[in-house]
């Protein structure tokens, strides 16, 4: 399949590479062209602007925020400048409102939009072990299925409205961050009560908290390995802001969310932007004078 | 082994029964003697007072709160009225401070205390699938190991100080309740945003939230099956108060905890005491006018 | 003085009227022209577009949000289409960032901007009893002083950067809402403990909480007179969002703010938009099943 | 009048002195007898045990917590060992439950209890400027009125049930601490946004936050004069715990309270016990890396 791929960051680059390895022909673009090097080496063709990808069968995009996505779709050199009945697969964690807006725009040009954000950190992207949360028109989802199976270990369809995938993704990120916060509070309590973090973590993960995320983040919290960031605090803040926006539009009070936002603001204030979002654990420890 | 067993509630009764089935000789006691019936039918011998169990090799106790445990140990007819070098295995979710105090008292009489609270609801107790968090002197733990393997699927040792087990247990209950709250907030957001709870839960549990607790509580939240209570709101409140106590003694701020306490107070105010602790989800939904 | 006046809502209309009564010549504009009637009757001249006011000595504006203010300044028929070295006095509760932006724009055209948001509800505006928080270049503030004394009881200067006035105003609204929330929590506790709200309020306001705001909001809470709104919940929400924005830009965790946002979302979810912001007290009472 | 006076701390000593100056005959007791010196010098007679005061017309007590008060009433050498139809005026900030219990005990011996906690810091006690919140049987309150007018500037009666005074007092302390927290959050936001704390405080206290408490605590926050403590963090924590207890008994969620408890725990963890309760402001600033 002829595929356009926009965004070659920590997540995009390994996903694109997996598509190439599977035999697909890729046309790639990144805001800073420096990152296209390894993809060209692997056989991709770099293009100058997002619009140059518009005549592919499918265009993937995975970018950092709403503004970046707006730009590659609606911008002066965006996809809509050169529309064709292609499917745009948006994998970015962006606002459901923007997804709605993009869906309408693509359809008005005969194309379609599938929203397919993912769960998984860069290592999972490399290993093609991502979980893909997909939503959109059923026939469009069917057409993408084979591509998804190349880059992920599982695809879960969550509805016909593309924005549903983004709502699920945001809920998931909110819950991951809640899990990290609760683990951080428990570990701090344990430590100050004379039970070391490692003992606590083992007791929890070998009984009821068997999801790998507790293992992964628990180890990060024990090692305080917050730098370099796997998923940076500013990205975490961005996601919590998106959750806030959806909560506000839908008038949903979320008391845990307020705390998460505060802790991530605090960690950025104290540590700067180059730190993992799980460093909210440090905020918890400092408040207890346990750091 | 000759075993005393104090407390035949929703958890105690099935645990005691499993010990009998494994061939042990049980002497049982319960505050309200009505509950001893099924155990006697299974071969146990009922005694009038806790002190009557004191001459067994091992005495288990699993009671609802600090006061009940104080009574069976330090009370007028408690275990210490008739001390012998036995091991007292306390499985109750009680304050670490009381456990410390009991440890000293038992040792001063030549006995010992092992703390072994469990994770698991009544069905797990029946199926001998409990997780046992055990702490105490190593040789005492070794002596209890065989008994633990009868009633649980796994024993995790968390240290030589018996109270460590209670700290871990309290941390675990705090984290379970945090998980339920975060799921409730996410589900309410999803529902008000047009994504049904079932779809969200499936997407989460089939990807990153694979721990069975998310499945179990997620289903309860979808079905709103809060009555009858598997684990009642007042017991949940009691546990969160114990966590608060430990947090206060050790000067550990825990912002999630404040919210959990408020939500469980709210559910008791709104629904009365005969409701599952997971009904905090209802508080979240009512605040969003989504119930 | 020749004065332009943009925005004739609950606050703007009485302020404009006081300026007319003091002998000033007013050119007025409102988005919906219906509201200009009483002002024309009092001697003002209505204009079609904001730009028509640009050739006055001073232009006041008091509008509901950032977007409305952007429109009268930067819009197709905004003040900057017809610039003159006038002073624009912005009284709206808007983001400090927009004020900064407007300051630069006006100065680049030889004019100036003074920011002068007010404390006081509509009755205070009518009675010329507003408190004016003013910031800007000293000579500009001096030129405005006489006008401020017509419409308010006191002007407090808070610095040379116009946006400082908006920061102070937002801090003030945050603190008012915090005071209302704390009063609501205390009243609910008292009521459920057998002390009526009235007794509590009298005891507080006649001793340490002597600021009139406790009296005013206390009475509203006792009477539950949340409709019609003096200051509506959506405006309160808008202000708390502006505080959030400033807090985020400056990386300042504000745990009380998260609660206030949630409670105001909750009251809008439960009661709709036509309710006073102090109805957060109802959310508090409902959570305690005390409403 | 023959008066017994129990408790000569920072508050009790100046109150007792004012009673002596007004011509009353005092019999004083303090746990550590060292503090009786200045009172003896002023004409009081020291006694060995609380019970020695029981034959006075009126007995005041002002002690630090429930346990201390229980001891002077129900203890081995407490007031009830030597009961007479006297009035016990309890001025301590203690739990409403204990007040209820003491009321019943005194009445069963023909005496009565008036609860009269105060608002005011030590300087106000010296200047006889306290606010007295009084509750109890009307004729008992009438008998105490003259004494109250010696030590305070105003007495507010809040009902016939003595514990009502304690509920009002606890609500007041909760609201003071909420006011301090909201001021701290606002000041931190202002400071990080370029508006100094002093400017903010002046703008607030000269407009809508005219209650002296904002002035007093505002100045403490600006000067960061948290040591020595006027009212120590551990006493503040004790009071917030009493509020929590009442909230729990009456099933009242109080989200601000959770935050206040956490911040006072944090300040004790970070600074130790010898610090004013208003140092919660420091916790807020540290979380924003603004300290």
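So that you can tell them apart, the chains are marked A, B, C and D in the order they are listed, and the count of residues begins at 1 in each.
By our rule, contacts are C-beta pairs under 8 Å (C-beta built on N, C-alpha and C of every residue); 3 or more make two chains touch, one makes a residue touch a chain.
All figures in this text were calculated on a predicted structure; none of them were measured in a lab.
Novice: Go through the assembly and pull out the chains touching chain A as well as chain B.
Specialist: C, D
Novice: Applying the document's contact definition, name the chain pair with more C-beta pairs in contact, A-C or B-C.
Specialist: Result: the pair with more contacts is A-C.
Novice: By mean C-alpha position, what chain is farthest away from chain B?
Specialist: C
Novice: Quote the value, from 0 to 180 degrees and to the nearest 5, of the angle by which the CA atoms of chain C must be rotated to coincide with those of chain D.
Specialist: Fitting chain C to chain D on C-alpha positions yields an angle of 180 degrees.
Novice: With chain centres defined as C-alpha means, what is the inter-centre distance between chain C and chain D in Å?
Specialist: One centre to the other, that is 38 Å.
Novice: Report, in whole Å, the distance between the mean C-alpha point of chain B and the mean C-alpha point of chain C.
Specialist: That gives a centre separation of 53 Å.
Novice: Which whole number of Å gives the spacing of the CA centres of chain A and chain C?
Specialist: From the centre of chain A to the centre of chain C is 39 Å.
Novice: Which residue numbers or ranges of chain D touch two or more of the other chains?
Specialist: Each of 247, 251-255, 257, 259, 262, 265-266, 269, 287-290 in chain D touches at least two other chains.
Novice: Name, in rising order, each residue of chain A that touches chain D in their complex.
Specialist: 255, 262, 265-266, 269-270, 283, 286-290
Novice: Under the stated contact criterion, what part of chain C meets chain D in this complex?
Specialist: 96, 119, 131, 133, 154, 156, 158-159, 161, 164, 167-168, 171-172, 174-176, 178-179, 181-183, 185-190, 192-195, 199-200, 202-204, 206-214, 243, 246-247, 249-257, 259, 284, 287-290
Novice: In the complex of these two chains, what residues of chain C are touching chain A?
Specialist: 237, 241, 244, 247-248, 251-255, 257-259, 261-263, 265-266, 268-269
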